[in-house]
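Notes follow the structure.
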Amino acid sequence: MGRKRLALTNDIDYLSILDENGKLDSELEPDIVNEEHLRIFQAILLGRRFDERMLDLQRQGRIGTFPPIKGQEASQIGAVALLRDSDWLVPAFRETAAEIMRGRSMESILLYYNGYNEGTIIPDNQKDLPMSVPVASQIIHAVGLGWAAKYRQTDEVTMTFFGDGATSEGDFHEGMNCAAVYKVPVIFVCQNNQWAISVPLSKQTHSETLAQKALAYGMPGIQVDGNDILSVYAATAEAVERARSGGGPTFIECVTYRIMMHTTADDPKKYRQEGEVELWKKKDPLLRYQNYLLKKNVLTEGDLADFEDEIKLKIQAAIDQAELQMKDLGDPLDMFDHLYAEMPPSLQAQKNELIRELENSEGEDHHG
Amino acid sequence: MTTSFRLPDLGEGVHEAEILALPVAVGQAVAEGELIMEIETDKAAVEIPSPYTGTVSEILVQVGDMAVVGDVLITFITDKTEDAVQPVTEVNQPTQRNRTDTGRKQKVIPAAPSTRRLARELGVELHEVTPSGSNGIVTKEDVKAHAEKKIVPEAPPEQDVTPRSTSTAPSIAPLTAPSSTGLPDFSKWGEIERLPFRSIRRATANQMISSWTHIPHVQCQDNVDITKLEAFRQKHKDEIKAAGGRLTMTLFAIKAVATALKSYPYFNSSLDLQTQEIIIKRFFNIGIAVDTEHGLMVPVIRDVDRKSIKELAVEVDSAIKRVRAGTHNREEMQGGTFTITNAGALGGSHFSAIINHPEVAILGLGQGRMQPAVITDERGRHEVVPRLIMPIILCFDHRVVDGADAIRFLRLVIDALEDPEELLITMI
Amino acid sequence: MAKMTMVEALNLALRQEMEKDDSVVLLGQDIGLDGGVFRVTDHLVDQFGSDRVVDTPLAESAIVGMAVGMAIYGLKPVCEIQFSGFSYQNFHQLENHAARMRWRTRGRLTVPMVMRAPYGGGVRALEHHAESREVYWAHTPGLKMVIPSGPRNARALLVSAIRDPDPVIFYEAKALYRAFREEVPEEEESFPIGKANIARKGDDLTIISYGAMLRPTLEAAEELQTKEGIEAEVIDLLTISPLEDSTMVESVKKTGRAVVVHEAPRSFGPGAEIVTRLLEGAFYYLEAPIERVTGFDLIIPYFSREKSYIPSVQRIATAARRTLNN
Amino acid sequence: MVMGDMEMNTDLLVIGSGPGGYGAAFRAADLGLDVIMVDPFSRPGGNCLHKGCIPSKTFLHLAELILDAQNAKKMGISFSKPKLDVTAMRAWKNQVIDSIADGLVTLAKRRGILIVKGTARFESSKRVRLSGADISRIRFKHGIIATGSKPLELPGVAFSKESRIMDPASALSLPDIPKSLLVVGGGYVGLELGSVYATLGSQVTLVESDARLLAQVDADLVQPVQQRLSRLFADILFEVQVDSMHEHDTGVDVSLKQDSKIEQRCFDRVLIAIGRQPNSGNLGLENTGVTLNNQGFIMINNQQQTSDDHLFAIGDVAGGLMLAHKATREGRVAAEVIAGITSSFDARAIPAVVYTDPQISWCGLTEQQATAEDIPYTVQRFPWKYSGRAQTMGMTDGFTKLLTDRQDGRILGVGITGRNAEGLISEAALAIEMGALAEDLALTIHPHPTLSETEAEAAEIFQGSPTHTMPPKSST
């Protein structure tokens, strides 16, 4: 009888280890070996530079519309850095840095944003799903993969990414709920970048945090400074450990910011104040990490210059390679392939129809 | 006990019948299956076998009476209980069966259960079988022998899963055809289907056998150029249609025949062999052969000589519709003096017709087809022109009329049909 | 051979496939202890455990979405959506992902899953429990759409659906679940997806049908035969997509007349595609306009009126007669 | 099912899975029909297996063991008083029922027959609605009504579970062995169950409104049984009616009325066994073309067809002798007719057995019938005191009688009272069905010493020269 506050199993923590001023909570500082630091840093740097170059290419008309990731590098790389090759990544569509770190080639990204299906080919040794455009729908696939991994009694972990907007979708609810019910080894990484196109977080939810949503599903949740690679890394390490040891799913809210537009077809000036962006630019995850590594002597200025050069060359090589490939790609008949394991006769007939059409219009450009 | 025999429901919508013959008399002993009555329904003539073994105690109808289904026709005194054989139409009516006294008072025919089953399957009544076993026991062999002895088997047992059908009553005297037992097994060479041979089909067959075997048929054929008549028909058909009839070639034929019959009355007669007389009829009732889903039917159009083409068009059309729908009555099928059969609508050309006994002649019409014809003009020049040519056939009873008369008769009909004006002038 | 209802036959298919292949797992609402609301999964949980016969939360999208993930992983999930009327809540998972994953990844990731759902009217159910919207799936490239018409072909087709490398939508006519029993062999039997079946031979006209409509169609054919001696050829499509048209085209070439029967609404319904294929393949053989006997372009009415909505033997026979009188 | 009505279609629906119902279903399935059998019991067998013949015969066998043990005393063997374990007896009975019922389930399954547990009600001649089943409706081409019968109730006395007033089924559940038991009704059920309870130790009083027991059986056959029962039972009251009955915590007060005298007596339990009535109500038959007679039996013809084209009726509900083996045959006939086979119920001898000690069995013509219907016959009786085999068993209070046609000596009926009469009657039934003469029976060698000899001896009496008794002085 009576009324009292319920004691719930989980609380929601906020984690910040390295702040925007370079202040470090050394007690919480994760133990990362130097090589790993450099691997992570190079991934962030590549993610940033490739994103910048993509924007240039888009402006030059050399690729189509794409969603820039600038400002979200730490909340992606800090999470995927802990995955093994045997683990699964289920991205949304603004995780290019994470995908590249997992092994997706920049060529494939360039092909994809140039409208080539070949851009979603995932190498055989890689266990990542292709980008998923319908918001939140991929979350459930991660639950299914996690369920299957558990059914097969492996220690594989599945990590899925989505944004703050996705938490309003029904699939977020269904996925989170099922993950907790089946206690599957899945890590939900929410890139809370404050904006879903033009809708700010305040209009997306009335929750004080997104992390607290985990409470309702009966799974651990944590909010971290998404621009602090150390926080993201530490929280993820905990989640991965839990998942691998049969402890079930975890929800990580990375508080970060979409510095750029939603996609290159979008003009954010229409709906948000430049001042807000400037504020967040000061919290840049790349510089914060770079300074931390320089201070820690893991990285030298010389290394940095070398890395920048290497990355520049790598990106250029990828662009050259992609543009070369594109010259040979684009046989329209290829679109008939891979719809089914075996092409049904009625589809074959339609393909034949196009073949005849193409023969009759020799020379005309059928490329997109 | 006294049992009544009622006019059974013979199916196919028959609800009344005329008593044609009563070959039994009061006091006469009859056995089950013995002929007690001949009746004629609007569908066919039917011989009624007695459903009982017993003595005729009362005959409630006379020859010529019309009886309605359910009317008591004859009563019998039988020595059977209620459980004994019931009239066919009632055999399947459920009653509270009282097994303990089944056939007690009637002598039970001793037979093993398997023998009884065989008898059921073969449709054999045990009490009809001559027993060979000790003290009257009926054996399987007895049953088989009895079944084989029967020249014509009873209607085969219903193979349908609804075994309650009452249609197995042998309402029409079956045709006897001794050779039928000698038919080869056709199924050796391919799929066959066996259909019951009964009702109108069997009635038609009886009529045809009688006609064909009793009448020396002679046939003469010719062609009629109906080009003009067809044009005339086309011109007037809508008018007739408005009146509710159909202007067909048959109608012109009816009128033409009526005229010819008046000129050659022997074609409108019947031969009475018993009295050795030829009966000339002074009325002109023309039967029209109609193909219906039940089989061939011949409604009779009365006094055609006194009716206009328009009247006839309406009457013939409605008669055809009625027989096709099965809503005609028996009288409409009787009293014909001459028959016309028009195979044209079905695409028939020359054919041979069987006389509708006791008439003495029948006229057949084939399909009119455009054919090259040689026309000779006044100056004797020949020209080949397309004309609408209709085959016409006259079959006649050579006992009553001769070939020369037949050709003359046919000529008269042809002339009338070739020239509508001629028809109008000569038409009676 | 044992006689089985469609429910028992489907159960047999699931059981045997699960026995054979541990990658086959079932998921859906109430499919475990309850055995599914129509008992298709009855007792499977006893044999295979709740690990393989998974009772899910009330979450259609999760059921299908998880199946997508499971299938990508290498399992062969068979989802049960309680009623096809609820499958619109998982529509996007099928349309956006299941149907596209193979194509999207150029064959690298595949989704060998089955979504089973009861469809159609005739059992006096409430709203959302009686519709026939197979065309949604049939219109989605990348999906296969299968509708069996009786216990034996239901079993054989479900086996094929489970083994199929692509996502298969498997509609089960509620009206057929227990409508009749048929000999179903205990030993393995499958029927290829994408093949139509000639359910009845005939020369006078062709009636094309599938699923729950096959029985009234056959009855109508029977009626035409007994009453008028008309021999109708009845084609049972079995697979709606990919639609195999050679069987029906060949039949119509022979008969010259066709009637298409389905329960789904008429406009843009399966009949539209079927008729077009006939026109493409047999136009010069046609002797009469093709008739469609279908549900009307309505929400299927509540069950007091459902009988008038669903094509009846009478409607089918009348349409057949119309084509013959033309 | 959460939603919707499942309808099922079949060739043949059999309602009731008793010996008639399963007989019909099995035969129909063997003839290639698709068959569904509906019954509130999940396993076939009906009243006969679950609540009647089989449980009663299980207990009667035990009663016979007890009586034989008692009788052995005069032959030189004494047994101590038997110890009764009612729970074990019930379990044994259930084991017997289970074994038979499971066998029937297997037979049905292997024939492809679907057994649906539930209650059917006709909505039309071709469709029933089910309650208590997964399927809501069954549509069929033909239906066989085999719903059997239920015990008649005394006016004003309803049966209920836990009541001290029992119908035969609850008596067979053997709730306990009451000190005193009133059996109302002197038919075979009252006698059989009365015998069981009396042998197990109850003081059994039997009241019969008629002047004798087993009114439909020839009096001479009943006589030895009546004598034996008057020793086994505490009291047998004839021409007595139950006027009223009042149940209370310790027993049942019964007022018995003879003429105008009323006597009050109290019994621990009461068994009402006054006959059975057809289960034809509450079937929805008003929605079909089936007609009932004034006693509620379904009217049928010899093909078991009712007045509704689609429906057949068999067994108790169709009237006639309420016997399992009659129902089974009728069921087979109905199935055959439905399958298009020319078949008919044409049995000439339906054997009947009363499992008292001694047993009574008969078939074909009875003397009562012959007299009532004025059928000429002769009768020969062979008393079992001349049977060596009966002597060896100490079971000489029986006889075998043969009714024959006066002229040709054809066997018309046979009646037997005595030990194992159940096994002897089949020879008689076969003889009648085959149209055998008394001579045939006499000339058929019967093994010696057996009780079956009594049938041959009776036939020899007809022939004029029996072996183990003297020839009759002159022919009757």
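Per-chain residue numbering starts at 1, and chain names A, B, C and D are given in the order in which the chains are listed.
The working rule: a contact is a pair of C-beta atoms (placed from the backbone, for glycine too) under 8 Å apart; a residue touches a chain by one contact, two chains touch by 3 or more.
What you see is a predicted model, and the numbers here were worked out from it, not measured in a lab.
*Asks:* Going by the touch criterion stated earlier, list every chain that contacts subunit A and also contacts subunit D.
*Replies:* The common neighbours are C.
*Asks:* Count how many hops through touching chains it takes, at the least, to reach subunit D starting from subunit C.
*Replies:* So the least number of steps between the two chains is 1.
*Asks:* Report the chain whose CA-based centre is farthest from the CA-based centre of subunit D.
*Replies:* Farthest by centroid: A.
*Asks:* Consider the two chain pairs A-C and B-D; indicate the one with the greater count of contacting C-beta pairs.
*Replies:* A-C
*Asks:* Measuring from the mean of all protein Cα atoms shown, which chain centre lies nearest?
*Replies:* Per-chain C-alpha centroids ranked by distance to the global centroid put C first.
*Asks:* Please work out the Cα centroid separation of subunit B and subunit D, and write it as a whole number of Å.
*Replies:* Measuring from centre to centre gives 57 Å for this pair.
*Asks:* Report the inter-chain centroid distance for subunit A and subunit C in whole angstrom, where each centroid is the mean of the CA atoms.
*Replies:* 39
*Asks:* Report, in whole Å, the distance between the mean C-alpha point of subunit B and the mean C-alpha point of subunit C.
*Replies:* Roughly 54 Å separates the two chain centres.
*Asks:* Taking each chain's centre as the mean position of its Cα atoms, how many Å separate subunit A from subunit B?
*Replies:* 93
*Asks:* Going by the touch rule set out above, which residues of subunit C reach two or more other chains?
*Replies:* Nothing qualifies.
*Asks:* Which parts of subunit D, given as residue numbers and ranges, touch two or more other chains?
*Replies:* Residue numbers touching two or more other chains: none in subunit D.
*Asks:* Assign the assembly's chain-to-chain touch graph to one of these shapes: line, ring, star, complete, other.
*Replies:* Per interface graph, the chains form a line.
*Asks:* Which two-chain combinations touch?
*Replies:* A-C, B-D, C-D
*Asks:* Sort out for me which residues of subunit D touch subunit B in the complex.
*Replies:* That would be residues 141-142, 291, 293, 297, 299-303, 305-307, 309-310, 319-321, 337-340, 342-348, 350, 365, 369, 373-375, 408-410, 433-435, 437, 440 of subunit D.
*Asks:* Which residues of subunit A touch subunit C once you look at their complex with the stated criterion?
*Replies:* It is residues 90, 117-118, 120-122, 124, 129-130, 132-134, 137-149, 151-152, 158, 170-171, 174-175, 177-178, 181-182, 337-341, 344-347 of subunit A that touch subunit C.
*Asks:* In their complex, what parts of subunit B are in touch with subunit D?
*Replies:* Counting only subunit B, the residues touching subunit D are 91-102, 104-105, 108, 110-113, 116-117, 120-121, 133-138, 157-164.
*Asks:* Under the touch definition given earlier, write down the residues of subunit C that touch subunit D in their complex.
*Replies:* Counting only subunit C, the residues touching subunit D are 2-3, 5, 37-39, 82-83, 122-126, 129, 174-175, 177-181, 183.
*Asks:* Please output the residues of subunit D touching subunit C within their complex, sorted ascending.
*Replies:* 1-10, 34, 109, 112, 114, 134-136
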